[in-house]
Structure formats: structure tokens, C-alpha cells
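Both complexes below contain chain A, partnered by chain B and then by chain C.
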Partner chain A sequence: MDPSEVEFLAEKELVKIIPNFSLDKIFLIGGDLGPFNPGLSVDVPLWLALNLKQRQKCRILPPDWMDVEKLEEMRALERKEDAFTPVPSLYYMEITKLLLNHASDNIPKADEIRTLVKDIWDTRIAKLRLSADSFINQQEAHAQLDNLTLMEINTTREFLLDSLNFMFKLRSNLQPGSSKGQLTDY
Partner chain B sequence: MFVTDIRKDFYEVVANQRVALLVAADIDALCACKILQALFHCDHIQYTLVPVIGWQDLSTAFLEHKEQIKLLIKQDDDLGVPSYDDIFRDDEEEDDGSGNDSDEGSEPSGKRRRFDEVRSISRRCRKDFLRREILFDYEQFEFHGTSAAMMFFELAWVLTKDTKDMLWWAIIGLTDQQIHDKITHMKYVTDVATMQRHVSRHNHRNEDEENSLSIDCMRISFEYDLRLSLYQHWSLYESICNSCYTSSSFKLWTLNGQKKLREFLADMGLPLKQVKQKYTSMDMSIKENLRDVIEESSNKFGMKEIRIQTFGVHFGFQNRFLASDMVHATAALLESTEKEESDIAHNFIKALDSLSRGNLDRLHVGIDHAKRKLLAIQQTVASCICTNLILSQGPFLYCYLMEGTPDVKLFSKPLALTLLCKYLLKAFVHSTRNKRCKLLPLIMAAPKDVEKGTVIVAGIPPESETSDKKNFFGRAFEKAAESTSSRTLHDHFDTSIIELKTEDRSKFLDALITLLS
Partner chain C sequence: MSDALSDDGSDINQDDSQDVMTPAELIAKLEEAWLNEKFSPELLENKSEVVECVMEQLTHMESNLQRVKKGDAKASFHRMEIDRIRFVLSSYLRSRLQKIEKFFPHVLEREKSRVEGQPSLLSPEEFAFAKEYYTNTETYLKAVALKRMPLNLQTVDLLKAVPEPCLDSFVFLRVKEKQENILVEPETDDQREYIVDLEEGSQHLMRYRTVAPLVSNGAVQLI
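Our next item is the complex of A and B:
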């Protein structure tokens, strides 16, 4: 899966906006949206929020979890625990990136939030790498990891699966009975 | 077409149509174009962008597109239109005496008095006479009104779609008018005050103690900054040597001038080594109070107006630009004479791109070009004055750049040539002892196209403290060309710049002398 596909899926998440135009309820395939009234907040999918923001038709409100203190707590918790802690949102990384790139003027303390989310991401990816490493070293048959997000899984998926495949091929050549110690051509 | 309410009569009319945008090759027009483009993007209005550099281009573009579209919007600096919002009535029934109350203050009362006197003549005859009179006065002087970029920013503001980017472009458009000497100082200061209100409005919107804005957001600030071109992207020494104001006040083409410059630097306590370094690498202790220190010393050396009101922008950790830096960079890109880039549309698009925040590398290329342009101007000015190339022809001063002059290709473009004229006149006024010569206007000619054998001629009004920047050379050039049947091309939007065949140069000049004396 491509990271941009994951981002596309993330854009379905709902965010609160305050439009400056008025429009009746609109009926889309994915669901109903609206009605839009200037000055009143309304929940819309992220893709629509970004489009409206770029056309200067709305103001985006940061999600509840996008707050400096809450993120600091989460980061501390993540660093303390060995396992993965519950995430603020299933698509926290993508939402942060999109909102901070296109609507950073609507988000207070945007720079600190960017740093905090990056810290949380780095800690989790490091844990993921450690656990993949121990999985391979101890030659486990299966593993279970809770609280992972799609983006994190997607980061390791290709490498992990390819390396497991390759190791399987190498191991099967070491078994006695295979063609006299010659490696099968890959 | 004159509009009174820009929102109703203009924007709402074009909102559902396809628009052709014909933009002149001028920084103010470029900025106005950017603002309009941003507005069109917001509202999904389709448009075609056509750069035009003269009346011929304008008519060809119009003919090309006229089948497809119904409404035409042309924008360039308001040439000779005293007040954009007044409606000029030209109907048979109406009195056209009322139409020109937008004109210079003393005119209307004079016309109305004459109107009463000639009441006895038949109506049509009188109307024609008056109309011709008014038109002659209207077209005699050419001067510039409010910046087009500022007009479009006001439109955006009325539509509440104004952003900091648009505000910055409007500021650049205004600064362009000031740098290329198109508006009076009073008008500039008034317009700066208007823009300052918008800037404070934008700055108070998001900024307060707990919720500080991301460093990547654009911050525009009002600055009372030095009149040294590009000094933050160059070394202080180079900037002082190559800025019009300082170099003509010190007379840096003379040895005495160089000595005075060194005295000036010593007076401020700035070591030569520091001052010749890139500005960003100068010591922090020097940079802290630089503006005040320079202002104090300049007062001692007779430069009372070293500081000027302007705006600066700041985004990211590294990027600080003043409005004048952007104007110089974009003008240099627009008129770039590099071999690969001599296509007009190409340069136009490059210059347009450099105005966006995302294209900083293009902007830096522009700044480099601008530095070379300023250096070339300085050297040309120095050589012209030292070799006495400026001749007094009676009613005006005249200077001709020979073909072999270094960097003469740069001056085949109108903006660069006008800048050179301005600097040259200022330097000449400071260097000559002849009192009468100080009040003369300047005409400058430079080779434009060697194969076709044409020169480009530009005229600027005399240098004076209270000048109202009215330029009468447009009509003067036309009349002189008619009377000598010289082969001229009055194509440029700025009527004081024309193209002329090299062979007709001398008789054209003689005609001008007789006309203006």
C-alpha cells in the first residue's frame, strides 16, 4: 500500500469547521453534510475541510486531541510503556500533517504540536522495529501488537514481509535433502 | 470602462464568465494579476493569462480572443487616469465640462468660466471645442494613479477573501510605484498609511500571548527602514555604493566621494572588514542598532532622508525580505537579458512565479540579477558623468549610450532604462554647478536592437523636491515624430518611452529642441 493511499483513507475523518458561507444540506454518496451557516460549526470530512480552507470559505478548528498538554502526556506515557499505548486518533499522523500544512494559522502552537506528534511517532516506530527484530531473532511463529495505526503498519509491512520471505527461502536451502548445498537461484 | 463599485460592476459580472487577463509587463500589474488569480482560484473562475508589452500586443491579443469571450479586463498601472472611480461622460446630451472634474484641481474652475463665456456659439461647435480642450489637457501630462494591485486588494477585502499573501502583493505593487518614481512622495505616504491599517488588522487577528502563530506563517511588519537597495542580501558596503540615494549624495564616482564614504563609515564606528562582509554574517552587535546609527551619521553628512517607510515580510527562520528587495528582484527577472531567457512570455512567467512564497530559489536568482543590474547602472552612471556624456540641449539634457558600452543590453528594456535615467539625473544634479541645468528634464537613448537599427528613448521630468511626477514627453515625442516624419513606434503603455530608428535620431532631437524651447 502506498502512503498516499493511507492518507486518502485518513481524509474521511471528520473535523469541525466554521464556514463563512451558507448552503443547504448536501447529499453525497458517503453521507449527508450540512446545512452550512456562517459562524456555526459543522462536522465535515477532512478532504472537504481542506478544500474549503484553500478557497478561504471556512476556518478549521483543531481536533480535541491536538492540544499541547494532552500530547505531552501521551508522549510521556508512550515513552514509559513497552507496549503500544492507545492513540489519540487512528490517523493521527496524517491528520496532523494535513492540518499543519494547510491550516497552520488556525491551530494554536502549531510548531510545538508538530514536534510532539513527531516524537510520539518516532517512539512508536522504534518500538515497532524492536519488536520486529525480536520476532525474527526468536523465530516466533506469530505475534500480536495492539494499538497500531494503519500508517505505522504500512511503514514496516513491505520490509518485514519481504525479509521474512527471503529468510524462509534461505532456511529451506539449509535443510538436508536439497540439491547438495547449492543455493536455489532467486 | 470606468466602474464605480468594483465589487458589483466588476467581480459579480465576471464571476460566471470566462475571463481573459491581459497584463502589462510591469511589477504593479504582475502583483495585481497575482491577486486576481488567487481570487479566481477561490471561486473557480476560468481565465486565460496573456502578457502584453505594448498597444500592438494588446490589439493582437484582443483580436485573437474576441470570438471566445465577451468581457475583457486589462490591467496595468493607471496611466493618466486621475481618479479611477469617476465616470467620464461623453454623451452628446451631457455637458462634458462635468466629466473632467477629476482632473487637476485648478482646471475645472477655469473650464467652467470659459464655458460661460462661449455660451453664445452654437451648441455643437462649443462642445467640440471644449471637448478637444479637455482631452488635450487630459492627454498632455501623463501620470499615475493608485496602484492597480492596491485596487484589487481592496476588492478582495470587500469580498472578505483577503489574505496575507494578497496584502503582501499589494504592498509590492505600491513599492514598485515608488521605486520607479511613478507617484509623488505624498501619495506614497498616504498609501503606506492605508496599507498599514490592513497590516495591523491582519496581525491582530491571530497573534496573542498563549496562541502564538507557527513560524512558517507569513508575518508582515511595518518598517522604517534604510533606503539602501538589497542591503540585507548583499554586504552593507556594496549596498551603499550601489544605491541611488547614497551614491549620488556622496558622489561616489569621484575620489573625494570615496574618501567621504570612508569617513562616513569611520564616523559610525563600523570596521571596513565587517561592512564588506555579507550582511547576514555581520556581527550581531553591529546589526542591532544599525538603522539608528546610520540615520544619525547620515544627518551629519547631509542625507536627511536615508530612512523610508516600507514593509517587510518574515516567514520561516531564514526568510526576511523587504518590499523593495522583491521589486528589484522581480523587475530583474522580468527584463532578464540572459541568452536562454529572452522570450517575453518566459520571463513574464518566471517573474510571476517569483512572487509566490513557494518559489524562493527563483526569488534568489532574481536578487542576483538585480545586484548585477544595480552594479551595471552604477558603473554606467559613473562613466557618463566622468566622460561628460550628458549634454545640455537647451530645454533638456540628453545622453546617448554608445553600442560598445558594457551592459548596454540591459538598458534596452524600459524599466531598466527608466531606472538608469532616474539615477543619472540625480547624480548629474548633484555633480553639476550650473544652476539652470539642475532644473532640466532628461532624455536618454540606448540601442535597442542592433539588427533592426533601433534605439529606445526615454524621457523623465526634472528632478525637484515638490515634483508631481507629471511627464509631458509622451505628447512631445509624438509631435516631434510627426513633424519630422521619423519612423517611431509609440507602442509602450508608458508614453514617455518610444522606439526610434537610429538614423532618424538627430532630426528627431532637433524637432524636440524646437518644440520644447
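Our next item is the complex of A and C:
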């Protein structure tokens, strides 16, 4: 899957905005939005928030978790635990990136947040690589991956799955009499 | 602002009274089908009902938008949403066509051996596409190579020549409905098979073959 498609999915997440225009309720296929009143916060999907922001029609309120103190706690916990800790949003990386790229003037301490989220991401990706390594070493057939986000899975998906398939084919050809997974594919 | 846009098209599925879905649920269904199709190694059952309903919603909305003045703020929101839905829809259909092109002899073989009353993998349009693709490939192979071969080598069995989908591929999945006693087959001879329970909301990495029935009945979502 292309990272831009994961970002596309992240754009469905709701964020709070403060519009500077007024508009009645609108009935989108995916649900109702609004009404919009100047100065009153309202929930909209990220794709709409970013569009309005680019047209200077709103101010975006950062999600609750996008806060230096909370992220510092998360980073500490993430570094302490061996397993993946729960994330505040399944799309934390994408949302951070989109908001900081397009609405950084609405995010207090944007630079610190960027660094913190990057640290959390790096720690998690390092864990992911470690667990992928032991998964392959132990020749496991099943792994539970709670709290892992789609973007994180996506960084390793193709490489990991293709390697597993290849190893499976090579191995099953080593076992005499086994007909499964013959090297017919590719 | 005209009333044209206030009609959210909630008349969906009127002709299908057993299973009433809101447009939002319909879009969610389409997205599920899109991700499942993207990540499963084999072609899944067609969701032409969902596709048709979504198409209906889109044309309905587009015809409403035609009646709206230019520069209307609401209309631009609607257009953006339509573009997003259209993207998912075409990406979904495209990934199905790619699989049909990749596995066409097997797809057609399954269609042939299908018992009356069993749902078809392919929509009528996809079936026509697969058949045409088969004929064209065959004609092409004949024209460029086969007819210049010695007589005894002039046929090719496409069913054997084209690789089958590899059901032993690993997939990532999220559990939507709790499943108990899923048998995990061992990787090597010195390992033993064992049983896992899939808790709701948990995520796993395992072979597609083990969970294929759960994907098709919607108990798990590929991610």
C-alpha cells in the first residue's frame, strides 16, 4: 500500500476547527457536518479542515494528545516498555505530519511536538524491526501485533511479507514429499 | 442555497428492505472491501451491490450539484467528498482487475466449477473482462509464437502456465468479531500446531489460508 493511501485514510479522522464563516448544516454522504458559526468549535474530517485552513477559513485546534507534556510521557513509556504501548490515535504520525505541515501556526510548540512524535515513531519502528527479526528467527507462524498502526505496518509490509513467502517456499521444497508451496509462483 | 443539497440521498436500499444501510455505513463497507481486496492474495467475492449503491449515491449527488450555482461553499465540500469516494471506488475496482489479469485462468476455472446458486466471484462485467482477456492472451500467444512451433508443441495450457494465487502468504489483520480456536499450522516439521483465540480488536500476522473464511464473512479485516 502506498503511504499516501494510508494518509488518505488518516484524513477521515475528525478534528476540531474554529471557523470564521457561518454555514448551515451540510449533509455529506459520509455523515452530517456543522452547522458552522464563527468562533464556535465544530468537528470536521481532517481533509476538510486542511482545505478550509488553506483557504484561511478556519483555525485548527490540535487534538488533545498533541501536547508536549503528554507526548513526553508517552515517549518515556514507549522507551521503557518492550511491547508497543497504546497510541493516542491510530493515525498519530500522519495527523502530526499533516497538521504540522499545513497548520503549524495553529499548533503551540510545533517544533517540540515534531521531535517528540519522531522519537516515539523511531522507538516503535526499532521495536518492530526487532520483533520482525525474532519472528523470522524462530520461524513463527503467528504473531499478535496489538497497538501497531497502519503506517507502521506499512513501513515493513512488503519487505517482511515477501521475505516470509520466499523462505516458506524454499523451506517447503526442502521437505521431501511436500507439495505445498512449490516454486510455481513467480 | 438551494435545497438540492439538503437531500442526503437516504433513500438508499429502498428496494432491498432486509438490509437497510445508511450512506455512511455503505461508504464504510466500500472501504472495508477496498482494504481486504488490496491485501488478500486471491480475488475475493465481488461486492457489486455495494459498488452499485455507491455509484447511485455519487450520480445522485452529482446531479444535485449540477443545479447549484458556481462558487457555492457547500458544493465545494460535496465535490471534495465525491472525489474521495470516487478514488476509493476506482482503486477497489482497479485492484480487482489487476488480480483478474494476474490469475485469469484460475478465476475462470472457479467460475466454471461454481454450482448453481453459489455466489459468483466476478460481477458480470468482470466476467466479460476475464473471458476477453483469456481469448486475447491465447490469440496473442498463437500469433507471435505458438503457430511457429512444431505441431506437437502448439498448445499451451494456461491453467498450468499461469501461477495460482499463493494462499500461504502472510497477511496483517484486525479482528472485528471474537474468534476462538483458530488452528495455526507449524512452520517446520519439528514444531507443533497450536490454537489461538482472536480477541476482538486485536491485530495479528498470520497465513492467509488460516483466516480466508473469516475475511469473506467479515469477522476480520485485513490491514
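FYI, the second predicted complex is superposed on the first by the 173 of 186 C-alpha atoms of A that agree within 3 Å, B and C clash if a C-alpha of one lies under 4 Å from a C-alpha of the other, contacts with A are read in each partner's own complex, and residues count from 1 in each chain.
As a working rule, contacts are C-beta pairs under 8 Å (C-beta built on N, C-alpha and C of every residue); 3 or more make two chains touch, one makes a residue touch a chain.
Here the structure is a predicted model, which is why all the values come from computation and not from measurement.
Of the two partner chains placed by the overlay, neither chain B nor chain C lies in contact with A:I125. By the document's definition of touching, of the two partners only chain C reaches A:R157; chain B does not. Applying the stated contact rule after C-alpha superposition, one finds that A:L14 touches neither chain B nor chain C. Within the superposed three-chain model, A:F168 lies in touch with chain C and out of touch with chain B [touch as defined at top]. Between chain B and chain C, more residues of chain A are touched by C. In the superposed pair of complexes, A:L100 makes contact with chain B only, with no contact to chain C.
By the touch criterion defined above, A:I29 lies against chain C but remains apart from chain B after alignment on the C-alpha atoms of chain A. Interface residues of chain A, counted against chain B in their complex, comprise 20, 55-57, 100, 104-105, 107-111. Partner chain A is touched in their complex by these residues of chain B: 41-43, 160-161, 163, 206, 210-217. Across the complex, chain A meets chain C through its residues 1, 5, 8-9, 11, 21, 23-24, 26-33, 47-48, 51, 135, 139-148, 150, 153, 157, 160-161, 164-165, 168, 171, 175, 180-181, 184-186.
The part of chain C that touches chain A in the complex is made up of residues 1, 5-9, 23-24, 27, 31, 38-39, 57-58, 61, 73-74, 77-78, 80-82, 84-85, 87, 91, 163-164, 166, 168-172, 184-189, 191, 196, 201-207, 223.
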